[in-house]
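These are the structures, in structure tokens.
Paired with subunit B in one complex and with subunit C in the other, subunit A is shared by the two complexes that follow.
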Partner chain A sequence: MDDESYGGSSSSQRNKRPAQSQSSGSQKRAMREDDSDQGSDIHVPVSKQAATSGVRGAASAAAIPAEDMERLIKDVVRLAIFTAHSESALKREDIKEVLGNHGRALDHVFNKAQERLRDVFGMELVELTSKGRGGQSAEKGTKSYMLKNILPTQLLQGSAIDWESEVEDMGLLMVILSFIMVREGTLQESVLISNLRRLSLLEESSSFGDITRKLDVLIKKRYLEKFKLDHMDESGEKVEYEYRWGARARVEIPEENMVKFIQEVFGRDAPPGLEVAIKKASRPADSEAPTPTASAE
Partner chain B sequence: MATSGFTDLHRLYLQAAISKRLMTEATAQDLYSRVCTVTEEPYDRENFSDFITQLNEGLNSVELEFRRAQDEVTGVPVIALTNTNGQKIAQVATRYSPTELEYFKHLLDAIIMADDEAFCISSTAALHEAGKLKNKENKAVALTKKDAEALLDRFVADQWFIQSTAGAYSLSMRSLLELQTFLKETYDDQIQECTLCMEIITKGQRCTVAACSSRLHQHCASAYFKNMARPVCPTCHSAWDGKILIGLSDRTAAPSTVWKRRKAKGTGINGNGAGGSADAAEEEDEEDDDN
Partner chain C sequence: MRRQQRLSDDEHDASMDQDEEMHNGDASQDEDMAKERIKDEKRKIRQQYRQLITDTEERRKELMEPTNNDLLSNVDRANNLYKNVFGTHEATLDAKLLVMSADLGMQKAKQLKMGQGGFDETEYLTRLINTMGGHEVESEERGLNWAKLGRMAAKWSRKAPTMDFMLGPMAVEHKTRNMKQRTRVVRDPKDMKKPQELREEDIARQENETTKNVMQISDILEQMEEKVNLFHLVINPESFGQTVENIFYLSFLVRDGKVSITEEDVDNPDIEDGDEPREGANIQPMVELCETPTAEDYQGGLLKKQMIMNIDMAMWRELIEVYDIRKTMIPTRVTKEKMEKGKWYG
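Right, the complex of A and B next:
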């Protein structure tokens, strides 16, 4: 059993993951299987599409009476707001459906709705990207969007606002994301479970309830991605899975926040050089950082 | 396009309000004070009402609005961000699939049309409704009992329905506020309004005279009758005993209508090994719960 822990005071020199190299080849195969489950990850960059349809979009938008246009913009804004807290992302198809037979004006309406979302709510729609096969390839658009908060971070970080039950779940998410981050961006399920058990999160009395269900929700919400590996876990009885940051986490949670979070967990026990160590641990030895910048392969 | 004139104070408040859906007025006020602190704006308790008015003016451009009401059960003032364009349920509850929405409508219908102004549906009846669903092409799209059960839990978690201890579902304040327009337009005569506050009423008291239209929320009744030596109906002036209730009440608590809910509990992430025996233990637990 892996005995690494991030809850204690020991620091970060123990972050070489033996699993990393052995899994990369087999991973590809496993992930291809997974693709069939992730129907929403359509690998067509929307930006390209928008660019070609832009001119046509503007022309067809002009043909729509101002009153109808106003109606469409409102509908898209409300659709975005009402999906803000739902489990799944807003799909381009959902927006099209709202537009009905004005589908060709989508880009125009979308931009206007964005303006209004920023002005009224301080939020904007951001396209989720797919890192493809285990982050090996460049990021691609997925035609799915989520709302991103664009208010200054110092406003959001103040503990002024109590996000209620979300806070607990976000806390759990942050813990899991930090586990993953300091392991070069991937974490095997067996290791995750032993870490969660160490934090007493698997006990019946845990206030998180059924963690398996929570994990499923986080995957569904695209905060986490789970890939099947083609080997068994250490007990040799269960198929091993691997967790990574999901598209939504990459959009919503800047690396800096993550570093800050880990530092806060350590509190006054933080060893010197913790920040550098975290950042080092988060980068696979053989590639670029698992941050939203596209990697070379 | 005219802009909302909002500052980050307004935006931050809205973001918090969206995540909460429905707040008591006290919570809403408290939130206002905290948002003021974070954005370094001056806070004055007295300004809260104006602040909400400002928000509603800006929200007009997206047809949303903060509405206030008093909770039918507790009488506590609540405030919710609602859709003013509420003719279609689909626009309110976009996060449900068409089949799920259909189920929601069926339930809503059963609750509103319940005999004797009970305005609730037992969980058995609610699950029964799940078997009657049809899609637009009139094809049956019945939900399995398990799916219906999970969906009912979601409706409650999303604050559309409230569930009594006996398991019966009735309308939540969120539904009453957000579906106001829809309910009034769709059900017209079936919808009762409180004689005093004129808001929709699904829980409260009614006049002893069957033909009289008086209905009063509990909190409206206690406010209205407070200084009356002998309470009389505000409409027909006959004696008011306050004992004839509408909405969810003890009559729905009859044991036969109690449907045993299975909670998806505690298999845990490491529950793979002892699956069978754990399940058996769970069954026993439930038996115990019921006694």
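Right, the complex of A and C next:
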């Protein structure tokens, strides 16, 4: 039964573009109207049949002919890279949509795609985590994924990748994230703005344009999170916002890398004990755990 | 009576005062005075505490400055005040101030971050600017070199590089723009008209009617060789309109002094102009050509006279009847009702 239906669709899949290649007849396309998917021009057709397909559990993966399976894996890899390009999150549902009729085989295809991404592209899909308002609570999964570069550190150090025009934005992001980190992970907006002013970023001639818009983009892309700060006093002082690292930043920039970056900025004549100072500054006072590197220096 | 009055005096501290008043009942006057002094003293302390609290609240921002030590002196002042405190109310105020100061102190400490061995953000900013060539002269124009810093940052980033181009689009669905289908007006070429093309010769110079007509009247008068009655001349029994026009044209001749209009006794033409007309004279306005007065004539006292002539259709009909006008002297002008087709007037 199942075999038959797959066989039917496979014939049509061979000579069609992968993503829109479900059973030819009743294919319906739907625009996804999803706010969190801003800027993305990737729209995946949905098959109405997907929900009603009678395939069950693990058996589903085995039931898919090898050729079709190959196609599905490639589709997911492709989708992952495309999504990464627009710096939006890849949601589980998005993967499901690509799989069409074979939604039940998601885990299997996902794992295979993950292998492919690691072996061929030096990347892997990582689940985005949410830390919640407090920022202190345990990270929670979001069923959304993003690609992370897993090339060996030495390769990255050797500037193996040419980031081209992205490089300036990466610099700006790194600097903003560093400001946040050395303030125990939360930075008041007023402090951030005054720091940005010192870097001439509030000037109209700044190459980044309107810096507040830039910040908004970083928030959208989940590099930053912005919270309204509850002021401690009752006098109704003006509302202040604070910035924290966003989920994407947590994936892309390990804290120890940030420490290394700041050290590099200070250069050779860095003050003694800089690393300790950075680490100390980046940890909330109450959760100050003794770090092995700290005692070593 | 007195007690009640006091209470209302200082409602705020009512509860405190009440205790004292109880014992105060039948105390001597000396004692009363002493109590009064203490009460004043307390009131003063309370006021000072309140002042201090308000101050602290208002200067919150200022007190949080890292270099500002007023928070400490605030506590000192409170300590001094506390020496004179012997009531619970005052002590409460002291506690309130202390809690507030502690709160501020904590926030201040948080802002300061650890003093020694702390991370020097100011230094970090300076180094960032240095790294981007901020203190070099040429950067004044080019701005900070973010690309340089970016390349440093990229080494520490685990961002996945992606490519602009991949084979085939990812099922790109263009947003269907809601284009309202505009119904195009299809015109039948047969119904279309070409605009008339104009060439120089198509434009007929409009003749100056007025001059022409004035000249015509002048010619007519010349042929008459004798005076003619004004109304015989101008009235066109066929057309009131042309009658008016004739008067209009004639007026040009009169203005230029080429024609004179005089009142004359037609039955006795010999009588001179200036003479008193005799009884029953048949005086009519007569028109004739005359010599154009020269500049000398005017200088010699010749005056220009102006006359406005009134005529309406009733008068026109009456004049036709009175003078028995059957035919127009000035020929009826044919109005060019039908313009030559395709002619334009310029």
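Everything below uses one rule, namely that the second predicted complex is superposed on the first by the 216 of 297 C-alpha atoms of A that agree within 3 Å, B and C clash if a C-alpha of one lies under 4 Å from a C-alpha of the other, contacts with A are read in each partner's own complex, and residues count from 1 in each chain.
Note that in this section a residue touches a chain if its C-beta (ideal position, glycine included) is under 8 Å from a C-beta of that chain, and two chains touch if they have at least 3 such contacts.
Note that the coordinates shown come from a computational prediction; the quantities given were computed from them, not determined experimentally.
Peer 1: Touching A:V175 in the superposition: subunit B (first), subunit C (second), both, neither?
Peer 2: second
Peer 1: State whether subunit B or subunit C is in contact with more residues of subunit A in the superposed arrangement.
Peer 2: The partner that reaches more residues of subunit A in the superposed model: C.
Peer 1: Is A:K74 in contact with subunit B, with subunit C, with both, or with neither (first, second, both, neither)?
Peer 2: After superposing on A, A:K74 lies in contact with subunit B but is clear of subunit C.
Peer 1: Between subunit B and subunit C, whom does A:F82 touch in the aligned arrangement: first, second, both, or neither?
Peer 2: Both subunit B and subunit C are touched by A:F82.
Peer 1: Taking the superposition on A as described, I'd like to know which of subunit B and subunit C A:N149 touches: first, second, both or neither.
Peer 2: In the superposition, A:N149 contacts both subunit B and subunit C.
Peer 1: Using the superposition on chain A described above, determine whether A:K280 touches subunit B (first), subunit C (second), both, or neither.
Peer 2: A:K280 contacts subunit C only, not subunit B.
Peer 1: Applying the touch criterion given at the start, work out whether A:R116 contacts subunit B, subunit C, both or neither, answering first, second, both or neither.
Peer 2: In the superposed model, A:R116 contacts subunit B only, not subunit C.
Peer 1: Go through the superposed model and pick first if A:Q263 touches only subunit B, second if only subunit C, both, or neither.
Peer 2: In the superposition, A:Q263 touches no partner, neither subunit B nor subunit C.
Peer 1: By the touch definition above, which subunit A residues appear in both interfaces, subunit B in one complex and subunit C in the other?
Peer 2: In the superposed arrangement, which is not itself an observed complex, subunit A uses residues 78-79, 81-82, 84-85, 121, 123, 149, 156, 161, 163, 166, 237 for both subunit B and subunit C.
Peer 1: With touch defined as at the start, can you tell me which subunit A residues reach subunit C in the complex?
Peer 2: On the subunit A side, the touching residues are 17, 19-20, 29, 31, 41-45, 78-79, 81-82, 84-85, 121, 123, 146-150, 156-157, 159, 161, 163, 166-175, 178-179, 182-183, 195, 198-200, 205-208, 232-233, 235, 237, 251-254, 257-258, 260-262, 264-267, 271, 273-274, 276-278, 280-281.
Peer 1: Quick one: which bits of subunit C touch subunit A in the complex? Just the residue numbers, please.
Peer 2: It comes out as residues 57, 60, 103, 107, 113-114, 117-121, 123-125, 127-129, 131, 134, 143-144, 146-164, 166, 168, 170-173, 175.
Peer 1: Mind listing the subunit A positions that touch subunit B in their complex?
Peer 2: Spelled out, the residues of subunit A in touch with subunit B are 74-75, 77-79, 81-87, 94, 112, 115-116, 119-123, 149, 151-152, 155-156, 158, 160-161, 163-164, 166, 193, 196-197, 202, 204, 209-213, 215, 237-238.
Peer 1: Can you name the residues of subunit B that touch subunit A in the complex?
Peer 2: The touching residues are 1, 3-4, 6, 8, 10-12, 14-16, 18-20, 31, 34-35, 37-39, 58-59, 61-64, 83, 85, 91-95, 264-272.
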